[in-house]
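Two complexes, one shared chain (chain A), two partners (chain B, chain C).
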Partner chain A sequence: MKSPDTPILSRVEEKKITNFPERELADISDAKIKQYANAILAGIDNESGVYAATEQGVAESAKNINVSQEILGLALAENGVAEKLSEIQAQVIGAATVAKAAIARIMSGVTIGKSDNIVEPAPALQANEENVSDGVFPANFEVQTGARYRANNGVLRTISRETENGKDRYYETFETGEKNVYLNKEKLDEMARKEEWKIESGNVIASGDLKETVEPTKGTTEKDHAAPRWDLLELTEALKKEKEHGAPLIREAQERRNKIFEGRGVFQMSKEDFDQHFSKGSFAVHEGLKQQNVRNCCAVAAIHAFSQSPSFELMVRTSMRRLPDGSWEVRLPLLDKDARVITIAPNEIQSQKNPGFLKKHGGMEGIMPDFRRTLDPVKASEGIRVLEAAYIKGKFGQVNRLSAEFGSGYDVLLQLGGKENFLEYSLKSSVYIEKEGKWEHPGLNTLSESNELFLNHFLETFDPDVYIATVNTKHLDMSKLSNKIREAFGLSTYKGSGTNKMFVARHAYSLTAVDKQTKIVTIANPWDTTKPITLTFQQFKETFNTVSAVRIHHAKLLENMNVIHHEE
Partner chain B sequence: MSNGQPEMVQVPHELARKNEVLIKETVNKKFGVQPEALSLLLEASDGVYFSEEESDTLCCLVVDNKGGLLYLVSGKMDPDKKEMRDFKCDILA
Partner chain C sequence: MLMNNENKKKKELIDTVLKKYRAEMVVLKRRHDKVIIDFLETLKENKIEEVRNVLKNL
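Coming up: the complex of A and B.
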């Protein structure tokens, strides 16, 4: 087992690239690097990038020596070429992009494949992954600049480095636009180890192990292109197959499935209690959610989307119960063997004092003080409010709604349903503008061809019994002061593309239905989920930036009930 | 549910057990899932049943342990109630 800090060149040697010259390129001139970079660009096309990155390789870049882009990434990382490339010219940024993306993937344990998209874990980082899964975070973990990381509390940040007066400064930039500065790298690494950061390689995160491929991008943007996993395609193809049974037989089977759960005696809550505590007035559970003044649209949208799932009632009833004193016991993740019990007291589902009152903090982009005296729970039935509180307490240790602001829909769903019952499905069209050092968040219509294919598959086969999904709108350009002010005053709405319907920028919605015949998507704004919004596929793609979803793993749900008949 | 009437419960389960190979093959043919990854919910009384919606139809819930999906497989029973035919299969969840 190799540790992640095994010298890169020795790892290259393990790959039997024997003629890779061990020389330092960090101090060579920009002109020379430019020359190399152009060679790398040529090299990527014929998969001889590493060789092209060497002096010898410049002359022979056309020669096919059959090395993967992983090695290119390793070589560039070793020689510091990638850092310099980004400073030279637009033409060569594509090479730097590929190199950085390759490095990011290598660090996340994914080897960049060749044209056949076959990938395998990078050996050195397999060790890293194993350590993490054993609950031991690598003590020598080091952060890479230019990469994006997710901490164990779910928060994402991008790391960048700037040099001022000859001194390096490291910035972590959050999705909210907030920044932290570190004056030395050790402090940053220390924080990463403390929070057990895991790399998020870029725009597409599929369930479980990532399988991605990188195409060279010869533009000014950093944009990862990922091929959908073959098994996702298989699933979507399967979901496309024509139904052979009529609706009555399907409904009957679903009722039988529910009875299986019921029959196991694992329900903590009766059907009557569920109906009482999870319904609001005459509305069904999923119809009456209204996000209040807490910026947790992701959580409310996720809970709303979850409540649409036929599995919702089962999972809730197995894992939640109301005690005689009015408090609740919630086992999170729901229907999970390793769930932990979270108790929610009656006061924890009420409004609470805002600890950030009159302070300037991230939500207002540092412009406006926070004028909210109280932070209010989602306006919904008691059970839904308990679920919201349990999510916050489970993740942050206490029901502090301020700490639960922002986030992502799939993260909320994974907190609620667990990583075994739910498999993550996400797709994002955000791009990193290398030259300007910032992220942009255009619509899903800007996805690469392969990702758009994946999105189409997802939409055409969307089934609430299989998927639970939230979607996020595009962002306003926050480099403009006018947009900062608009957002600070809650005026960040814009007209959807090709429709007069208005949408809130950087806001999560729940995806509740897709009509495959008419290609119409139905979504709901967590501000008021009683008003469904319909969009054509094209309008949807132009208006939204992210799909943040999970797929329900029914075998795991059933396994947790111990009802599966295993053959000897 | 058929609790309290074990002999009634046994009939569909026995039939399903007898036709287990064919049931798994039905899933395999339509969805390409390997039979080894499939399990019939034979231990649950509601995992196999005669449909109340369609006469002479035996329904089985089959789970793909690898992919996580749940399938409904149904088959028509011959009048002598010994053999199944006309298998159909759909993803249930």
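Coming up: the complex of A and C.
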């Protein structure tokens, strides 16, 4: 396997090449033109970097089509594929180098003149440029509401329509939760045609005529250069099935991959040590977590969800090790090039005196004093307790469990895995009632149409390979005194909607699996993760208020693996 | 004013470079995707055995 260049890999963050506002053209200063040229150069670097790294490209594709990176990684080893990709990489680097050199010449004033032949694409590419820019994408393409589209720059958005004061407004909502509003549909359609949006999912196929507009136009390009206009829905579906059938194969691939990394000397912890310190008896790592008397359900739920991830072992083994004296060295964030070393002594994973004993402080609504003499670590294997302590020490400077109470699942995950490896993915149905000056926390079933689309997509495509998720229950109605008292005495349980199962209010659970066929969500209470709880999508939406998750950036993981390898 | 015109011209030239670069990238990205998609199609056709063989040779 060809190893990609580190300098290119270190700047693969995808950034949009920003256009210079046209109104500024009238007065274009030296500083502004420099700024513009630099933005373009950085954009070219970033964009070409993504396609110039083989592993990166494969992982990016895995991210887009929801198939495991292991399976895709095999493509590299297959005869011919690696060569084809290398050839494309060379061309990408070539195109970027030529463009950057030309911009440098322009900026130095050398190239300004009619005779200056800046960069002409090769004849084959020129022919294709016409085909891809005008000939293929349908001119009558219209965006449909309720659908998800991917633009040619890779950005994914959902389109929704809302009526305000009798006027239709169109929203595009990005994966990050950012929104754009369009006051007229024509502008939106124009943008879609410009960026050549392709449908990813939605109800549009049933609506009839759109299908024709996204159908591939055949015969307009050379076979070798033909744009891949496959039916993505069909392919995603097939891949999902393939993934299920291929589960043993994927495990095999993961083991192979780990062996390769083992050979490169990337791991700090041996497989034997991992099995010993992260397993509880004969149970797998994720089966035996029990939150104790510290109100850190978010942290325990997050660590439990994380321990279920196929990336868990990889991240832990590269960044944690047990020293001969029984203490641990943890590099946080795990598998991050800017990680710092946190040492956890054996006493830091034991019970500690409660500095808030008999004091009235937050969490109990200020009614009851704190009767806990000690604060106890999560009941779990040694490695998991170290991870809990490292999270607290990393965030608060010392293992003070009282200071680490409450919080949010994604924040814990970002502390552990870093903002590069993990991307925040959260959704909340809380609303601020301005008149009453307070927040309300109803169920996820009250989300707006566009956010519900996101939630449905999240549930329908949930894959532990891709997401690590915690979810939080609704709050009790605290305007009722009875609920205030219940909560003060720790009796804040309520019956889930449409089920006899009991849930704890304002409590985090780990989301560990989703059965797309039966539409059943499996969650676990951090009080005892050995007892999975199943809910239908509807019951889940009515009982829970927040999804607090991260999406694993596999490309970054691989990149960081590469950096660590180079350092070693 | 003269300076502004020169900068405006630079901007136009940069845009020309960028347009051509983007046109090349569109084609290259699609070729890149096609290589991977072709492999996925192979998977789709249930050629798991072939992949297993590849694994063995890793």
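By our rule, the second predicted complex is superposed on the first by the 306 of 568 C-alpha atoms of A that agree within 3 Å, B and C clash if a C-alpha of one lies under 4 Å from a C-alpha of the other, contacts with A are read in each partner's own complex, and residues count from 1 in each chain.
Criterion: contacts are C-beta pairs under 8 Å (C-beta built on N, C-alpha and C of every residue); 3 or more make two chains touch, one makes a residue touch a chain.
Just so we're clear, the structure is a prediction, and the values are computed from it rather than from any experiment.
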Touched partner set for A:495, first chain B, second chain C, both or neither: neither
Which of chain B and chain C A:516 touches, first, second, both or neither: neither
Which partner, chain B or chain C, touches more chain A residues: C
First, second, both or neither for A:423, with chain B first and chain C second: first
Chain B versus chain C as contact partner of A:340, first or second or both or neither: neither
First (chain B), second (chain C), both or neither touched by A:466: first
Chain B versus chain C as contact partner of A:556, first or second or both or neither: first
Contacts of A:260 with chain B and chain C, given as first, second, both or neither: both
Touching partner for A:435 - first (chain B), second (chain C), both, neither: neither
Touching partner for A:152 - first (chain B), second (chain C), both, neither: second
Residues of chain A at both interfaces, chain B in one complex, chain C in the other: 235, 238-239, 245-246, 249, 252-253, 256, 260
Residue numbers on chain B that touch chain A, as the complex places them: 1, 3, 30-32, 39-47, 49, 51-54, 57, 59, 61, 63-70, 72, 74, 88-93
Touching residues on chain A, where the partner in the complex is chain C: 17, 20, 25-30, 32-33, 36-37, 40, 44, 47-48, 51, 57-58, 61, 65, 67, 71-72, 74-75, 77-78, 81, 84-85, 88, 91-92, 95-96, 98-99, 102-103, 106-107, 111-112, 118-121, 125, 128-129, 132-133, 152, 224-228, 230, 235, 238-239, 242, 245-246, 249, 252-253, 256, 260
Chain B-touching residues of chain A, taken from the complex the two chains share: 231, 234-235, 238-239, 241, 243-246, 248-250, 252-254, 256-257, 259-260, 263-264, 310-311, 423, 463, 465-466, 551-556, 558-559, 563-567
Residues of chain C defined as touching chain A within the complex: 3-4, 6-11, 13-14, 16-18, 20-21, 23-37, 39-41, 43-44, 46, 48, 51-52, 54-55, 57-58
